[in-house]
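Have a look at these structures, which come just after this line.
In what follows, chain A forms one complex with chain B and a second complex with chain C.
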Partner chain A sequence: MRRSQFSADRRGWPFYALGAVFAAYVVFLYGPMVCIYLLSFQGPQGGLSFPMRGASLHWFEQLIQQGDTGDLMGALSRSIPLALIVMVLTVVISLAGGLAFRNRFPGSGVLFYLVIASLVAPGYVLSIGIGLMFQLLGWETSWYTSALGAQLSWTLPFGLLIMFAIFGRFNRSYEEAARDLGASQLQTMVLVVIPILLPGMIAVALFGFTLSYDEFARTLQTTGSTNTVPIEIWSMTQNVTSPSIYALGTLTTALSFLVIGVSLGAIALIQRRRLGSVTGRS
Partner chain B sequence: MKAASRRSGASWLSPARVKSFALVTPLALVLLMFVVAPLAVVMAVSVFRYDNFEVIPAFTFENYASVLSSHLTLSLYLTMLKLAAMTWVCTLLIGYSVAAFLVFHVRNRLVAIGLFLVCTVPFWTSNVIRMISWLPLLGKQGVINQALMAVGVIHEPLQMLLFSDFSVVISYVHLFTIFMIVPIFNAMSRIDPSLFEAAHDAGAARWQTLLWVVLPLTKSGIVLGSIFVVTLVMGDFYVVKVMSGGTDASVVSAMYDDISTLLFPHAAASAAVLMLILTIMVAAILRLVDVRQELVSSR
Partner chain C sequence: MASVLAEPEMASGGRGGVELAGIVKRYGDGTLPVDGINLKIGSGTYCCLLGPSGCGKTTMLRMIAGHETPSEGEILIDGTDVVGLSPRARGTAMMFQNYALFPHLSVRDNVAFTLRVRGINKKDRYREADRVIEQVQLTELSERLPSQLSGGQQQRVALARAIITRPRVLLHDEPLSALDEFLRLQMRSELRELQRQLGITFIHVTHTQLEAVAVADQVVVMDRGHVVQSDPARTVYAEPRSAYVARFMGGQNVLFGRLEAVEDGIATLRDEGGRGFRLRLGGSVRPVGQRLAFAVRRDHVRLARDSAAPPAFNAITGLVRAVEYQGTFVKVTIRPDGSGDKDDLFVAYVEEGDYFAAPIGIADRACAWWDLDEMHALAAD
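For the complex of A and B:
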């Protein structure tokens, strides 16, 4: 139980002041998003702002019939597989990187700062660079080559930082115990280390999928002639002035929420089982 | 001596190291191919002539001269620095308060984790959508103007809400505060609560504990969060463009305009200048704290 003068038994004014800031922040965070979800369900006469004019699925129909958009279904058919590939690669590469960074090795410092540079470098600058590089090499840019690499440069730093945090709390004696009991390296990895790290790996997967699915600047110059969903949304902001853009927002956010819900649910389930097995045995 | 040096020579390629190298190879390859090489290409194109998708190795500073001599560049950077400063102050104040509330004031750990996730979920959804979700609120017929007029505070809709610095900074704060919350939250969680008792016993008032105990111990979090927020704003592409109503450009959206008109060398030189300025800014901030120690160290 955490006790401090900041959280004395009697709640002081800082609790209420900070609580008010927190509540205001949550409203600020979700309020606008809720507005566009509501506005996307307007009737056919609906406009870009309140009051709502009727309620219908009209703007979703518009969206799917491609009355207003270029190629939404095509964009989805690229964005989702791309996000899945990025997710798998991010988990595997971050896990390997996290394992390697447990020990210092020559070049580990340089590599670490490279990871940070990849995180803070302006996305569009990398996008230009990758686009130019592919041009100079005579390679064609496409969502599954250049855009895939561009997105990994964004998701891997997050994956690694999460892995660092997880390994910071990882108890190596489990590994040693497994080895003492005669497990091979592979067995130790598959049967001991990975199960322990699983919740963290799901978190990395969540970041990998969602950051890829919503990535814009790094993808813009690297996806070639075909669009991903965020670029489709971007081009809609330039020329669509009907609530169908809100409908697209609602749709893509619903997909994100689904992924977030599944990931967090899986993590919660694993943690609860663990808690159950620990208390059950003791 | 000899034995020692031989031992260190042998351990240079010890099995453990070979394993580390093997494990880190995919990461290194991705970063080399999609971060280092592209930045090198940008640098090369910025000093060479570039025609018909071909770099002509004729060294020239023309691109830099045109970037650096233009008044537009200076005004772009001044605008972006102003926006970054305003965003930094807002995200720091909000982020610090939110993190302090979650770490020090929410007593139940599960509730704290739940509330932390509430702050994080929007980060996993589309930034472009989150940005445009301000349009129905801030517009001339927007929710805020309607509400203010209904209450009678104003009689004419406020024009400055949308397509102004105000709406740009609001969007930045909306998108980027999470980058301040997470590192500060981390730093605060690591503070040993007994320090508060010690400060209290030593007669420190609340503000003194905040100033001399909490603030120094959360410096690393503030530094990391500041790096993220400042670089994100300086590298912003679409917020300035959309939320200023298309009148203003950011450093990066100006590059986009160059690329659209096939002025690749000019865009590359501009990118190189931006990278240099960001590197200087980050290096200056990094002097304050050893980030690697903070992020990798196992404790």
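For the complex of A and C:
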């Protein structure tokens, strides 16, 4: 019998070389984050760098008590609603776009490239442009108008591209079957298309939420007089010199993980319900 | 039982006679997948649309189902033109090639779907669905999702989901192509049995000749958007109208020859290799010198080692190219003397016992011959 060159007991040097690259990647990705998480639990006497002087939640308290550390709670009270609005709009609009782009229509190619172009456009420049436009029109920039628009220019192309991938695997005969059985267009959409596409739509929602929640460049010049979280963090790094800034990092990361966890959990639940084990049922 | 299924449009009393008049389907790029079809399918008939891929059979089916609109022509079901009507208003139901079962719904909810969209309450629609599920013997599996079923079970769910609509015409798009050979034969006879029980019209698209002749009352052979023959299964198999049908159905050897003389309705022909053939022309009059196609069934020829002089008429001699044992018979393929690479090979099906009494091997010379009554003339393609 011929032994595979990839068999477990004889690995060539590329395996170790690539393994080393991956290990370095993991260290560079997670090393700094772990440092920040650790330092956020610095004791009250501790500073911005190691060593740790005891462990406490002191800097988290400092953070939540609005004051010299900046208005984090205020920023969260804007960032989370903003991310939720962006999420809903991204899901709805990219679902509609995905449905529309299943057929070629006049100008569909041009429209597609226009959408993709806003992915390539430098976010900061776009942000200045939107800020200037609002000024020109005499409108006031704020997180729920100009920043919302700026963020959608970023999340919609992503959402649409994911929807293309989802629709690529969606069999149109489901819709024909529904029609064959007497369903109206609305019934087909609500009872067949959306339930089948739901895992993909949750993925788009997750993207929409996290892209908005983390968005900096496009928001900087469009958020107006009040800040979103990333901009608040950025302005804090300019003037806060305490481990509060680390506590903030830990807190926001935890929130991101929570959102991702909930979304993936929901997708897994749907998949399990669909592909549930045969033995488990009668 | 007073059923929730009593539908006003079903009250017409028809049983699903389908008539196609001058149907043309033209695509935007100018192609004509269906090019002028006239066809009558009697009510309560099991009809197979048969042809190679791209012949227009699926497009035809989808137009009858109401999932595509003909560019020209009328589709009559029980005398009413249904072009433009919804599938439910037509009284048709379609079984999709991949079944298109809704993956997020249980078997029961899949079957009850049509009642759900009609606004029938859960209790009534489940009672009706359970009754139909019982009919296809899936009662134990009614809580399962489609992904938890085998291919054959999925097909039964699709059948139940279609027949709960009480269609007059049930349309099947290659219903057996996703199944393995064993299940295919089983489902084939189940389909035939179901059609007999329901007494409605079945229209079944397939590219498999034996499937078509096995189940269908009426076999419609299609080629490049046209119907080339529409006849009972036995007629299509035994008396193909043209060389195309004869070749496509298999079971026939197609031969060509120029007409030399006609005497008492018996024509004498000669092919390029100088072989003579005699066949009954029946009523048709053909000019002497015309090139005619004719066919002889593979299982109606006799075969022997080529020794003495072959018969003067209706005989082919050549080298045996292949021998395939088929169980009840042996398929012997002969390359006729003087034939080129592009010419048809001649095939004889020899009854098993006869073959092994005097076996003929590969590279042996063989002679096949037959009676003039075994031959019939074919129309030009």
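By our rule, the second predicted complex is superposed on the first by the 250 of 282 C-alpha atoms of A that agree within 3 Å, B and C clash if a C-alpha of one lies under 4 Å from a C-alpha of the other, contacts with A are read in each partner's own complex, and residues count from 1 in each chain.
What we mean here is this: a residue touches a chain if its C-beta (ideal position, glycine included) is under 8 Å from a C-beta of that chain, and two chains touch if they have at least 3 such contacts.
This one's a predicted model, so the numbers in the text were calculated from it and none came from an experiment.
Q: With both complexes superposed on chain A, which partner does A:N171 reach: first (chain B), second (chain C), both or neither?
A: second
Q: With the two complexes superposed on chain A, say which partner A:L191 touches: chain B (first), chain C (second), both, or neither.
A: second
Q: Looking at A:P106, would you say it contacts chain B, chain C, both, or neither? Reply first, second, both or neither.
A: Touch partner of A:P106: chain B, not chain C.
Q: A:D214 in the overlay: touching chain B, chain C, both, or neither? Say first, second, both or neither.
A: first
Q: Figure out whether A:Q62 sits in contact with chain B (first) or chain C (second), or with both, or with neither.
A: Neither chain B nor chain C is touched by A:Q62.
Q: Going by the touch definition up top, name the partner, chain B or chain C, that contacts more of chain A.
A: In the superposed model, B touches more residues of chain A.
Q: So in the superposed three-chain picture, is A:D180 touching just chain B, just chain C, both, or none of them (first/second/both/neither)?
A: The second partner, chain C, only.
Q: Looking at A:L126 after the superposition, I want to know if it touches chain B, chain C, both of them or none. Which is it: first, second, both, neither?
A: The answer is first: A:L126 touches chain B but not chain C.
Q: Which chain A residues come up in both lists, the one for chain B and the one for chain C?
A: In the superposed arrangement, which is not itself an observed complex, chain A uses no residue for both chain B and chain C.
Q: For the complex, give me every residue of chain A touching chain B.
A: So the residues of chain A in touch with chain B come to 1-7, 12, 14-15, 18-19, 21-22, 25-26, 28-33, 35-36, 39, 48-50, 92-94, 96-97, 99-103, 105-106, 108-109, 111-126, 128-130, 132-133, 135-136, 149-150, 152-153, 156, 160-161, 164-165, 167-170, 206-207, 210-211, 213-214, 216-217, 220-221, 229-230, 233-234, 237, 245, 248-249, 252-253, 256-257, 259-260, 264.
Q: Over in the complex, which chain A residues touch chain C? Could you list them?
A: 171, 173-174, 176-184, 187, 191-192, 195-196, 198, 273-276, 278, 281-282
Q: Enumerate the contact residues on chain B facing chain A in the complex.
A: 12, 16-17, 19-21, 23-24, 26-28, 30-31, 33-42, 45, 53-55, 94, 97-98, 100-102, 104-105, 107, 115, 117-119, 121-122, 124-130, 132-137, 139, 141-143, 146, 174, 177, 186, 193, 196-197, 199-200, 206, 209, 227-228, 231, 234-235, 237-238, 242, 252, 255-256, 259, 264, 267-268, 271, 274-275, 278, 282, 291-292, 295-299
Q: Can you name the residues of chain C that touch chain A in the complex?
A: Answer in residue numbers: 65-67, 86-88, 92-94, 96-98, 100-104, 113-114, 116-118, 140, 143-145, 147-148, 161-162, 165.
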